[in-house]
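What follows is subunit A paired twice: with subunit B in the first complex and subunit C in the second.
This part shows the complex of A and B:
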């Protein structure tokens, strides 16, 4: 009894902000000191579903950028970390991967801004993609580097002597064993990209209207209705990804 | 060579087909490096590796048909016992029916047919080692290189595995190099014995010659047990 009450309280605390956002997004008018909105309306959601809202464009743009960053970084950092791990000077190279984290991402973006402007990438999606790649690629390497240990090296040698070529080695052994690490790096880089505001604002100079940019724009213009809807959209893909990860990736691995 | 240190030099080794050569040596004597060079996992600075007169130095490990087995069984954690044993056959795109037939046969000969659907973490050390042997033997390699395969096993399991492996190698007429630092094991497993010391390999013409050599360690071990009794 006590346990179920505790769980209910914790669940309520966890879900209350989301419920509040849902109410805010559906409310046309909500005056103090009313506990519930004066009028409910599905304004922003109707516009979203009929494709007449900028929110839909921002949602799709954010999904596209985050997915692309996550896929590219996961692939590149997986193979790059292998080369670094097996290199005689790997430890020295690894020090370089920490370099982007010496500075705040926005500061790094500001430092690189000259080159983005110079090569016409400022205010472009390509510029935002490249900026986010700079931040997330070293993260992927740092995460994957611990995967390439002596045991994995032995597996690679074993597959070779059993007759496996490099493609078979990756497909049949390394990728399946690395699945939890790969999915973790993918999800983490997706989330870093998904929630990024500072770097996107700096490099995109407001032209690249991702969902976090939109949330702040609505908040600044006191459009709480739309801000709440955008915020709910912001948390939706990470929740879906977590569910996919738990249901399909981790479960398959445990089997 | 590792950087400027020579692991072994002027080493001559010949293994006859169907023979098991035991190589005895302490840690750091170069045994593992020797096996890895033969398997193609380490590159030699100079010298020839030949199989039936054909030079193999430029051949990739996957083309040599020489399997190197570690001390640890190294079973693939994402595959069950059946799939671990079938692994080499799947690499060679053998037909499913043939895979089933051969894997069942190997599992039965190793006494682990009832564990076919288990995952590696559900097996004991000895069972894992059997699966590792099965995975190597099923593809009928030219040679198997065994690097202290029983080092991590308890005494009884070790004895069982020695008998099992000896029997399998004889039945399959497999060519093998068996590396160990245990004199008794070297005598039990090998048709001939070699001793590796500081990168130099001396191969005895017979087991008798090995036992009679005061430098081999066999007489010293015999005296130890005699004095104990």
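This part shows the complex of A and C:
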């Protein structure tokens, strides 16, 4: 009995942020001291669905940036991690991939801002893409490095011994075995890019309006129901990923 | 095939360029700016900016404030998570979605939620007002944008507790702590002894790298203190970015010096903790 009460309390705490944000996004007016909104309206959602909201642009921009970062980083880090794993100097290079963690993303953006301005990438989507690539690429390598173990190496040797060419090796052996690792890296890097605020704010200088930037802008302009709607849109992809597979959400923190 | 792989080092060099490259360039520029070698107001080598920053009290306040918030976050969240993990270890499989769900909330959304919950006109204030504990907005204490960082700490704890709970539950299961626990009980150890000498040491030792990473994450946190913090003291990321973006150009070198000192501090923590980990592993043989 006691335990089920505790579970119910934890369940309420877990769902409460989403519930409060949902109410807030649907409230047209919510004056103090009322516990529930004075008037409910579908304001931001209606605008979003009819394509009249800036949120739709931000949503599509965020999806585009995060997908592109995730695809490029997954491909690059897959091949780079293989060479690192098989190289005699691999351990030293792997050590370098931890470098970007010395800085919080926003401080990395701060020290790199000069170069982005100088090469005309400040305030542009290309600059944000490159900046996010710098913080996600090391993640990709660290995730993939454990994949290239002795077992995979022996598979590669076997394919070569049996006369398989590199294309066949990747298509018929390595990619099928690596599918879980590839999807994990893809989703993790997607989420890192999807959640990024600091680096995008500094390099995009407010002109690249991804969803996290939009949340902050709405909060600053006291447009709380739009901020709540943008927040819920930000939570949506990780919730879907959680539903598909829990490890897509957790591993980002557990490296 | 093998020889071709080893000879072709293009991906290796690309990795070096893409990981260390930005850091070297960024730190190089930060050093050059802080020593007066580049920048609009600078006209030659000087250690004036370093002297100014090192004697600038708000900078050290920010660094100390960030350190305290990070330490308290990790300590309180780990304590809560241990309680949750040990209490629900037998039934967590059926209810694990409840612990995973908060992990889907990014920092900026958590900050916004905590603002809506704990501000003077927030949900908690309304609730306490309704049941008669407080009277009106003024009766509710300052829990966000306050000088003690209570809102910042609360938001960080909300984010960290579910993560550590899942981590500890996984360690409990993977390290078969239940078996050690039963063995100790058979040998006559009390409940407190089993917790202090068996369960806690194994869980904390196995989770040590994740705890250090989370400490670093909280230390450099930006979105949460930006929304929930006050003007003084500020967390180090907010302090640095404000100095960088102010109209006063004389503040920019302070931002770069604080970036460098912050990175040295974090690098020292990483090196010390990895040494500690290696020492513990060597001791275990």
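Everything below uses one rule, namely that the second predicted complex is superposed on the first by the 228 of 255 C-alpha atoms of A that agree within 3 Å, B and C clash if a C-alpha of one lies under 4 Å from a C-alpha of the other, contacts with A are read in each partner's own complex, and residues count from 1 in each chain.
Criterion: a residue touches a chain if its C-beta (ideal position, glycine included) is under 8 Å from a C-beta of that chain, and two chains touch if they have at least 3 such contacts.
Remember, predicted model here, so these are calculated numbers, not experimental data.
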item	value
When subunit B and subunit C are modelled together on subunit A, clash or fit	fit
Subunit A: partner with more touched residues, subunit B or subunit C	C
Partner chain(s) touched by A:242 [first = subunit B, second = subunit C, both, neither]	second
Partner chain(s) touched by A:216 [first = subunit B, second = subunit C, both, neither]	second
First (subunit B), second (subunit C), both or neither touched by A:107	second
Degrees between the directions from subunit A toward subunit B and toward subunit C, using C-alpha centres, nearest 10	100
Subunit B versus subunit C as contact partner of A:158, first or second or both or neither	first
Contacts of A:167 with subunit B and subunit C, given as first, second, both or neither	neither
Partner chain in contact with A:176 - subunit B first, subunit C second, else both or neither	first
Distance in angstrom between the closest Cα atoms of subunit C and subunit B, superposition on A	7
Subunit B and subunit C footprints on subunit A, overlapping residues	157, 160, 253
Touching residues (chain side subunit A, partner subunit C) in the complex	3, 6-7, 10-11, 14-15, 17-18, 20-21, 24, 32-35, 76, 79-80, 82-84, 86-87, 89-90, 93, 96-108, 110-115, 133-134, 137-138, 141, 156-157, 160, 166, 194-195, 197-198, 202, 212, 215-216, 219, 224, 227-228, 231, 234-235, 238-239, 241-242, 246, 249-250, 253-255
Complex interface listing, subunit B residues touching subunit A	36, 39-41, 60-68, 70, 72, 74, 76-78, 87-88, 90-92, 135-136, 139
Contacting residues of subunit A [partner subunit B, same complex]	151, 154-155, 157-165, 168, 172-173, 176-177, 179, 253
Subunit C residues touching subunit A - in the complex, by the definition given at the top	1-2, 5-6, 8-9, 11-12, 14-16, 18-20, 22-23, 25-27, 29-30, 84, 87-88, 91, 95-110, 112-113, 115-117, 121, 123, 125-127, 129-130, 136-137, 162-163, 166-167, 210, 213-214, 216-217, 219-223, 226-227, 237, 240-241, 244, 255-256, 259, 262-263, 266-267, 270
